[in-house]
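The same subunit A turns up in both complexes below, where it pairs with subunit B and then with subunit C.
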Partner chain A sequence: MEYRFDIANQVLIFVVLSLSLNLLIGYAGQVSLAHAAIAGIGGYAAAKLAIANGMDFVPSLVLATLMAAAAGAFLSVPALRLTVQHLILLTLAAAVVLVTIANSTRDLGGAYGLVGMPVPSIFGKSLAKPSQFFWFLLCVSAICALLYWRLADSPYGRVLRALREDELAARAVGKNVFVYKVQVFALASAMAGLMGALWAYYLRLASPVQFNVTQSLLLVTMVIFGGMGSLLGPVVGAALIVVSSPILEKNLDIGAEKAALIRLVIYGAALVVLMRLRPEGLIPEHFSFRRALARLGLPLPGAGAAAGQQSPPPAAGAADPAAPAGPGQPDAGIDIAARTPVVTVEGLRKAFGGIVAVDGVDLALRERVVTGLVGPNGAGKTTLFNLLTGVIPPDGGTIRLKGKDITGMTPDAIARLGMARSFQDVRLFLRMTVLENVMLAYSRHPGEHLPLLLGAPLATSRAERRARELALECLSFVGLVDKAGMLAGGLSFGEQKLVAIARLLATGADVLLLDEPISGVDPQWVDRVALVIRALPAQGKTVCVVEHNLYALGQLADHCYFMESGRITAEGSLQELMADPRLIAAYFGA
Partner chain B sequence: MDFRGELFPQLFTNGVINGSWYGVLGLGFALILTVTGRFHLAYAVTYTLAAYVAVALSQDVGIPLGIAFFLAVVVASLSGVMTEGVVYRPLAAGGGGLLGIFIASLGLTIVAENLIRLTWGAGSASRSLVGFPLRPFTVLGVTFTSLDMAAVFTAWFLVLALAFFLSYTPWGRIVNAVRVNPEMARVVGINTERVHWLVFAIGSALAGVFAVYAAMRFAAVPDMGLQQTLIAFVVAFMALGTRPVSVALTGLALGLVESLSGLFLSAQWAPVVVFGVLFVYLALRPVQLRLALRQVQRLVTA
Partner chain C sequence: MGTQGSDGIVLQLERVRAGYGGRPVVFDVSLQLRRGSVVALLGHNGAGKSTTLRAIVGLARVHAGAVLLDGRDIANRPCEENIRDGLVYLPQERAVFGELSVRDNLLLGAQVVKDRQAREQRLERVLTLFPVLRERWAQPARTLSGGQQRMLSVGIALMAGAKVLLLDEPSLGLAPAVAQSLMNTIRELVKSEGLSVLIVEQNLRLALDLAQYLYILRMGQLVLEGPPQELEEQHQLWQLF
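Moving on, here comes the complex of A and B:
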């Protein structure tokens, strides 16, 4: 019996370790090869506190958890702006350093580790036997699993996945990616540290081999095996890998050491094959037991909930996809100058090395006006957008949004203040559903903030309902409600551009900067996208469009600026601009 | 922590020896990474394999050392080419990104290391390669061996030869072209597949040569590849340029830093120094700037 409990304990520890690693790798997209080392910080801390300071079981667990969390947060700071390969390298380096320190410090027991930990006990009951330890470990693991589930399958997890998909786009819809990264590193490390401490108590030993790079790689293997970013995947991965070792031992009648080696060979080979045949792991991210059962022809539990039923019938929005009408004309009668400027730009300048991309630009975006920005390639239009939204800092000049100086602010702060942009290359979160893409943009969601997510579940679920309603409204505005449940990566380019507009709308920003919303779209989509944009001012939006499709821009823009070589050289209606032979020459190249 | 200045000449010499070594390994890794874009952790497999093949051929089969050396390098080269052909290319064709390839590479490394453990005994699979006319020299109180000298000369010969190859031969220029812009290279009619093979063959051969030296200098052990690959990673990532000489000099610098840390610390802390340097570098390097620039470039030119 004790033998089974022993295996169960190992399974629990590795399940929680891989769940916490999945938060990092699968959800936030932060590949860490230092997870076992971070767990080791917890393990060594608990061991040292128990042996040298005689600290009790529970307080030492708490301290160990906190120390690991601090280490994780520390590690996240250099990790903030690294690419995947640099992050792999950085965490690898951190792991090697930590293990070497453990190996070569006499106070930490060197290669033998810290031995002779006291028997853990709680409420006076000893946890010496595996069966006694099991129940306590089960409770702790259940709490960790609940926390994991709450973090992963929630608005918070949605933001993490957005980080993984496209950091810049996440910032563009107002998410402070730095805060999320630090938090997720700290949280995942805290869980790992707790498990490391429990493992040390269980074995009454904290040694380098428990927490070395091979162990970290094994944890990564478990996560990938089960399925990155899937809620349950890591449970399956960890359980399978841990249990296989004793099974091999028993059935092949070989020593534990040899079984461990064979197991590693099998899993290494399986990783290679898995990457080829099923890179998403055993349980993929968007796996649904319902759909799997349906595919097997089994009756659905809770009958009636058919797949695809999620999306409500399309509401009759401003731009119903069925509406055959072409785009409307800009209102001929509006008096541009009478409208209040919402965004004013003065003397904006940006140089890349010797090339002055934006050279003293002044412009105003007026309330509920669609302003066009035209000019030849390389005129600096996109750079101007990047400056306006804080993606790059200007060298000089000021940008005011509703009277407030926003020069030098970060993209997410500017988005939260009410100016958001779309991207030329769309940048949807491709491995998330259309609905999730749009819901993510809902601002001030309590469920995206850790204390509120955990402390105010009711407010969170209320906000989640509101976000959902809003997202569906925005999707119906662009006429794509029926695609709400699809993965964004499965949409056509035109549809993606419309979803991007819906996402912009859902941010609640009043000023929308659209970077080539029509270019590259199939002809039959051009009118539809134009129609949607044309309907924005009526929703109270101030819009600025960069667009090369002059036909479409003519339908859209109330007012245009002509930009060449980093300067604004003319303004007026598009017809006026295009009547000027010099501008025509500048635009089409004479 | 006491300063032991009298050790300087010896430590400096050791640093040059190890650093030359690191430079070549980093160069092989960097060549593969920059030209093919593969995050080739299985460089470790090539390295370990070459060492064990040399030992097996020389000691178990009885082939003369020089020929065993040569055959081991050929095997190393082939193993790299096969990894590309059998694992990476199909993965990349199936849409496996950088992470997918890295993970497959990780799987290969785990398989190879443990197969070797299973084959040569789990406890001590350590095998050393003997037969090199090992002679110690002492010059001005600094001790080194004939093997160290051979390794350093080989290292710099290979670095310069590769530099010459890349700069002055048609094939070298093609490799450079693929490194700078693979799509454009394909458009102008370069067979990038063949270039990948060539690069894997060269990079893996470099690893093979120094794996055999490692088997002679220390011993062949199952995890020797992973340690050296980590160092090759560090060198490749920290190298400021992609030119062979600058990569090799980065390796040399790393070797010197590692070795000279022995003036203050005991030798077991050397990995902490190496990876500590990397950690600080990654944390502080102007990644932000470079990344931001690249993003902007993409937005501007799209």
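Moving on, here comes the complex of A and C:
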């Protein structure tokens, strides 16, 4: 019986370790090879505190957890600016350094580790036997699993997945990437540290082999095996892998050492087979039991097309979308100059090496006005958007948003101040659903902030309902409600453009910068998108649009700037600009 | 099969069902492309236009039906073999190698062209079409603007010396002047080199001006075909989607 409890204890510890690693790898996309080493910090801390300081079981667990969390947060700081490949190298190096320190420090017991930890006890009850330890471990694991579930399957987890998909796009909808990365590293490390400490107490030993790089790789394998980013996947992965080793030993009667070798071969082979057949892991990220059951029935003929159905398009206006640019005037008679400038740009300048992309630009985006930005390819339009939204810092000049100097601020801070943008190359979160993509843009969601997520569940679920309603509303605006449940990566390019507009609307920002919203959208929907944008000023929005489709821009823009070679060379209504033979030549090459 | 004759057909699709993984996106699509002609594939967003092109070139799975290049079934053949046989595809996304220079990007496009002189000629033509690429010759492609990167991807496709060119929204993100001159170049290539082009284009005006024959896809199925004038007379084209 004790033997089974022993295996159950190992399973629990590795399940929690791989769940916490899944938060990092599967959700936030931060691949760490130092997870076992971080658990080791917890293990060694608990051992040292118990042996040298005689600290009790529970306080030493708490301190060990905090120390591991601090180490994780510390590790996250250099990770902030690294690509995944570099992060893997950094964490690998950190793991090697930590294990080497443990191996070579006499105070930490060297290669033998810290031995002779006291028997843990709680409320006077000894936890010496595996069966006694099991119940305590089960409670702690359950709490960890609940915390994991709350973090992963929530608005918070949604932001983490957005980080994994596209950091810049996440910042563009106002998410503070820095805070999330530090938090998720600290949280995952805290759980790992706690498990490391319990592992040390369980074996009454903290040694380098328990926490070396091989163990980290084993944890990564468990996560990949079960399914990265899947809520339950790592549980399955960890349980299968941990249970397999005693089963091998027992049934094959080959002794622990041989079994360990054979186990490695089997894991390797299983991983290769799995990657070929089911690269998303045993339980993939978007696995649904209901869908799996439904799939057992025969697929209906033409089901793919039915899934690809588009909402009935709006009544196409009287205008012929195929007609050459014949700008129908927007609201005639707006006195542009009388409107208050919301965004003012003065002397903005940016050079990349020898190329001056933006060369002393002055412009104003006025309240409830749709401003068009027209010009040849490479004129600096997108660079101007990047400067306005803080994606790149300017070399000179100032940008003011509602009177506040925002020059040099970060993209997420600018988005939170009320200026959001869309991207020419769309940048949706491809492995998230259409609905999630738009819901993410909902600003000030309490569920995205750790204390509120854990402390105010009612407010969180209320906000989640509101976010869903808003997202559906924005999606119906662009006619894609029936695709809400699809993965964004499964949409066509034009549909992705429409979702990007919905996402931008859902930010609730007052100033919206649209970078080629219409290119790639089919002619019938061009009118629809134009209508959507045209309706924005009435909702109090200030809009700036970069667009080559002059037919659409003619319907949209109250005022236009013409940009060439990094400078604004003309402004006025689109008709006025297009009456200038020089601009026509610059743009149409006529 | 419409008004086209059966002679000189370079690319033919016969009841093709294709998609990604096990999920079909286009159903029973049959179309023909004759040597030295331009055929446009139109339809709304998500209708399956890009998937059709990808299925032809070998980037989406053909579940049923045949894709005939010069009468030979090439369905599910590796993409690189198709390119060697002169079937070249321009994807909708910007497909450039960001860290490589503009020059290396273009030369990579001509990887399959053995004849040096032909390579030089094509290079000259691309650079005349997009003069800005000559100015940015030695720069890494990632430093180009979005529209310029689009020009570069079109340039790479043109460098390959295609017999059949599959273009997925070539005008996407290009300023009107540039889009127009691109269309002129394509027209010229069709005339002078007997190039055959299957084009997906949201800019209806450009597509109608260029193509001799149209196919219209809706929800993965062909719903209409014919020469542009004929279709324009019978229907309001933008309502066909």
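Before moving on, here are some points about what is shown:
As a convention for this text, the second predicted complex is superposed on the first by the 548 of 590 C-alpha atoms of A that agree within 3 Å, B and C clash if a C-alpha of one lies under 4 Å from a C-alpha of the other, contacts with A are read in each partner's own complex, and residues count from 1 in each chain.
As a convention for this text, contacts are C-beta pairs under 8 Å (C-beta built on N, C-alpha and C of every residue); 3 or more make two chains touch, one makes a residue touch a chain.
Here the structure is a predicted model, which is why all the values come from computation and not from measurement.
In the superposition on chain A, contact of A:Gln424 is made with both subunit B and subunit C. In the superposition on chain A, contact is made by A:Thr383 with both subunit B and subunit C.
In the superposition on chain A, A:Ile101 contacts subunit B only, with no contact to subunit C.
When the two complexes are overlaid on their common chain A, residue A:Leu491 makes contact with subunit C while staying clear of subunit B.
When the two structures are aligned on the shared chain, A:Arg465 is found in touch with neither subunit B nor subunit C.
Of the two partner chains placed by the overlay, only subunit C lies in contact with A:Gln524; subunit B stays clear of it. Applying the stated contact rule after C-alpha superposition, one finds that A:Phe588 touches subunit C and leaves subunit B untouched. In the superposition on chain A, A:Phe352 contacts both subunit B and subunit C. Of the residues of subunit A, those at positions 352, 378, 382-383, 424-425 touch subunit B in one of the two structures and subunit C in the other. Listing the residues of subunit A that touch subunit B in their complex gives 31, 77-78, 81-86, 88-90, 92-94, 96-97, 100-101, 103-104, 168, 213, 217, 220-221, 224, 257-258, 261-262, 264-265, 267-272, 274-276, 279, 352, 357, 378, 382-383, 386, 391-392, 423-425. The touching residues of subunit C, counted against subunit A in their complex, run 19, 23-25, 27, 43-50, 92-94, 132, 143-148, 150-151, 169, 172-181, 202-205, 208, 219-221, 236-239, 241. Interface residues of subunit B, counted against subunit A in their complex, comprise 39, 87, 90-91, 94, 96, 98-104, 106-115, 117-118, 122-123, 226, 230, 233-234, 237, 266, 268-269, 271-272, 275-276, 278-279, 282-284, 287-288, 291-293, 295-296, 299-300, 302. Subunit A contributes residues 302, 304-310, 313, 316, 320-325, 352-353, 355, 375-383, 424-425, 491-495, 497-498, 515-516, 519-525, 548-550, 587-590 to its touches with subunit C in the complex.
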